[in-house]
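Okay, structure first, notes after.
Chains here go by letter, A, B, C and D, matching the order in which they are written, and residues are numbered from 1 within each.
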């Protein structure tokens, strides 16, 4: 049984809490938050002892591994503490929001080489996984185009945006990680552009709520991503992989699969799963399960800290491209 | 924890074995078969003690309930024994193959009123359930037509057919139960016709391998069922409910939901789930779970012995209609 | 140029009028109705001289052929007159409503063997034609099941029903003709049942507004038809041909082929084409064109008077089956 | 009756020839080619007199208008001659391949203001038209994204590429025209990138065979285009318009609309219409019909010479962006 501590007790803690409870071989032993009352709520809901004392927690016998689900700017601090304490780490994405802190993470993990997995949970979505496996097996031949749609039902609150690192670092980073993982290469050039169309709050913060991103891969494969902070018909999540031998597409998932016909609809489908918690629900469990399996077999989990670094470098290049109005060649170091 | 014994160690035992193992509140304690070696195999695979002694088993302290998954002609004998021993019973469909033995089952269960559930597992399929709930809630208004397609990938072996009770009793009975359950009424008249098109074995036994069945309901709702023992593209399972306010259709389930385009296909879907074990896999678990919940709450499980009797009466009327070439009015007694 | 006279100036005259006008090689020369004012309206709209004098019309030099689009009970009289006058005849379906008058039609056409085509226009629908050709070419192997859905948006007026010959003769006859033509055989046994669910008017006339029909073919192929006089989502027209090597399905046609996503719909399709005039619009033109081609090449047009007789015999058997509650073996003579 | 001359007797002459023949109000009177034998072939096939003498042709009484379907580099010369002769002009796209010659075209048409229509035929495709009308009517609210897929079955011959003006000017120009027409605005910034993945011939000429293009509109709407010179599953043509109130998508057109199920396919659709001649067949007729209607009513046809100029400016900016690796701000003058 893997004894796991949950650092953080916000939104993501409520995602991981039930997944830990459901897993037959992982047990939630601690919930940490500098705000003890908040930690207590999560511990009450999913088990474990609440604490506001990280040192004590890491010295406890009752812990093998941690999930870091705290605000992004604290990741480096907690990774550092947990790695020094020799704990296996599962860290929510993004790794950090700037390259210097990411570099510091790499240094820490190089010095204290504990098992480390970055929570790019979408890699574990079964349908995306099936598509990626088919691409890797050559089902579509050489890749010509990879495309990703990620449109959210509605913009997050202004407070969230303020700390998000911008749309590319907060959200496009998921598409970037998936597409680089599927293509098995990193872009040599990125171009991104954006508009602020829906949310004056986002505009005031200098951020955008609708973006289009182009990545040019060394193989010549061209990648397109479109992201929107608003989508009136729900959480639109699609992938398209087009190559010399064919094309593969994922389909949006729905509340049910019935076909409905009525006075005002013919052959209608059910609403899309509402947002990422519903759409990617299973992937959170499967990601945690993969972490457990890797750690228990002594293997290095994937995606790792380099995947996190690369995705951040690309997302930052997108943001720079958007702000400067020119293509950027990312440097992976 | 519900301590359950599995009577029978054939094909269906291998369906229920893993479902019991998966269930957090049910424990397999015994596996019974007059052929001890066969029982032993199942016990080795899924747990429990093998035995060829039913009396001993029923006297054991280590049993609350049974799953009867033995050949249909033995159901009455085992129901009788288990009911007298006061065990909760989950019995595979069909209840029995002739009306006299079904009547005897009713008598036994009237004298020894233990919790009894009949294994019409398809009622627990989430998609069929969603359709039924929508119909019951009036989403399609008054029902005009109910239609069911059930086409199997390939005919079963001759030995299976010989003991099956005929196509209607063996297989159409599933469609009959579902459609009567959805319509919430029993047909006043049935007409069925059949052909033997694929399997000379089936023809030699006087049975048919392709049938069309019409049920006329008291409300005026008309019901169509088509069944085929062969279907080159897989296990085709569809329902259509058409009424004054609209129509609902279920869709076939597939190995995955990717869309594939290539040299010889455009917008192609994945193969259908192969057969009933794959297509209705989840429903076996959910049926067992419903049994557990009813029994543990002291409620009467559904579908019950009357549902089993009614479905059999209708299936036998279909068979009679097919043989005599005329419509039959079933008598529900 | 084929000079054609239109007998009748009701609803179907307004279907054929524009088709004649559109055809480069057919010219409308006469419009006949015992009510001259009614004939005049059609002549004004689509060309030709109006007349209430059939004798004069048939003696005119300005006529090669006729379209009989008068009320069904008058078909025999007009077929007889036109055949004796040596005109090629295109006659609206059904041929007649009772077997005796149909027999008289056959006798007349045997004595005066003019080119004769029955207006089962749906045979000329391109999509249905493609399905039939594929079936004939063995694409689905040996036929197991043939299924047809024909559901009308709303019931016709009581006056129409009164003269319609009943639902089977008026409407199911289309499905019957199509399915026998696709299967290339005639049923040896028919069973039909019906309900009156929507329209009290229809019930008062002893007719039904929802039917299910089963045809058993000599090959063993089983045929299902469902018809409804009401369908809240429009004119639902589908065919399914299932055989040993696969299945073919037609799809409903729509106002356009866009996919729409919005606040209350995801992946929605456009409304179905409203009713038979819209759905089968092209088939009326193509039927007329086939008539022109056969006549101008001296070939016998299809479908012919025997097709009309056979479809009527089957439709009448369905009606008898529905009234008597038993299967009927049609006699084709 | 509009008397029309066809300048050019190559591939496009064989597109327009049959469309003229089909049109009830347009008559082909002349076919011109400096190579008389080539002109003769087209005249023999579709009517009109062949000539290699443009002066004589333009002085003839037997001509009201011309279709210029000659190689693009000759467009200016023929537009100039025909405009001076006062003929209405329908000119194949692109207008010309460089801005100077386009400017000269504008000057000519300013001095000799004859009716002029540019052959962006895809605007007349009924489905694209329906999408555009819906967008213009606000069905999707304010546009966020517009996307276009245009993938050709296989690369054209090297000789064709050599004279094509490059992929953007030859082909992307269609997507550019459609998307600017739908959005009703012109991009303020374009970015394009490309690869040469399929055809060494194309690479040798310095051109690309797979491109992704981004247009940023003044409204903030972001536009994506992907083009591929090879597509193993056929001619993939899709549009997606996403806005604040919803999304509209066109669907690919197919050889037929049957659904096929068999040993190696389930719910399969027919192959896509092969290439632009099949997919946009109707649009060529409708474009010609729109030209006829505008000219005969004395109205100015659309798309006009400015539409042609703007699309070329954008296409050239895309090519420049692709070569220089940076975003370009087009200047519309």
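Brief remarks follow.
Following the convention adopted for this analysis, a residue touches a chain if its C-beta (ideal position, glycine included) is under 8 Å from a C-beta of that chain, and two chains touch if they have at least 3 such contacts.
Computed from a prediction, not measured in an experiment: that's the story for all the values here.
Set side by side, B-C and B-D show the greater C-beta contact count at B-C.
Rounded to a whole number, the gap between the C-alpha centres of subunit B and subunit C is 42 angstrom.
Measuring from the averaged C-alpha position of subunit B to that of subunit D gives a distance of 60 Å.
Residue positions of subunit D touching 2 or more other chains: 232-233, 236, 245-247, 261-263.
If you draw each protein chain as a dot and join the dots that touch, every dot ends up joined to every other dot.
Subunit D meets subunit C in the complex at residues 126-127, 130-131, 134, 139-140, 245-251, 256-263. Within the complex formed with subunit D, the residues of subunit A that make contact are 141-142, 144-145, 147, 151, 189, 191, 193-198, 210-212, 214, 216, 220-222, 224, 226, 228, 230-233, 236, 242, 244-247, 325-327.
Taken together, the subunit D residues at the contact with subunit B in this complex read 232-234, 236, 252, 254, 261-263, 265-272.
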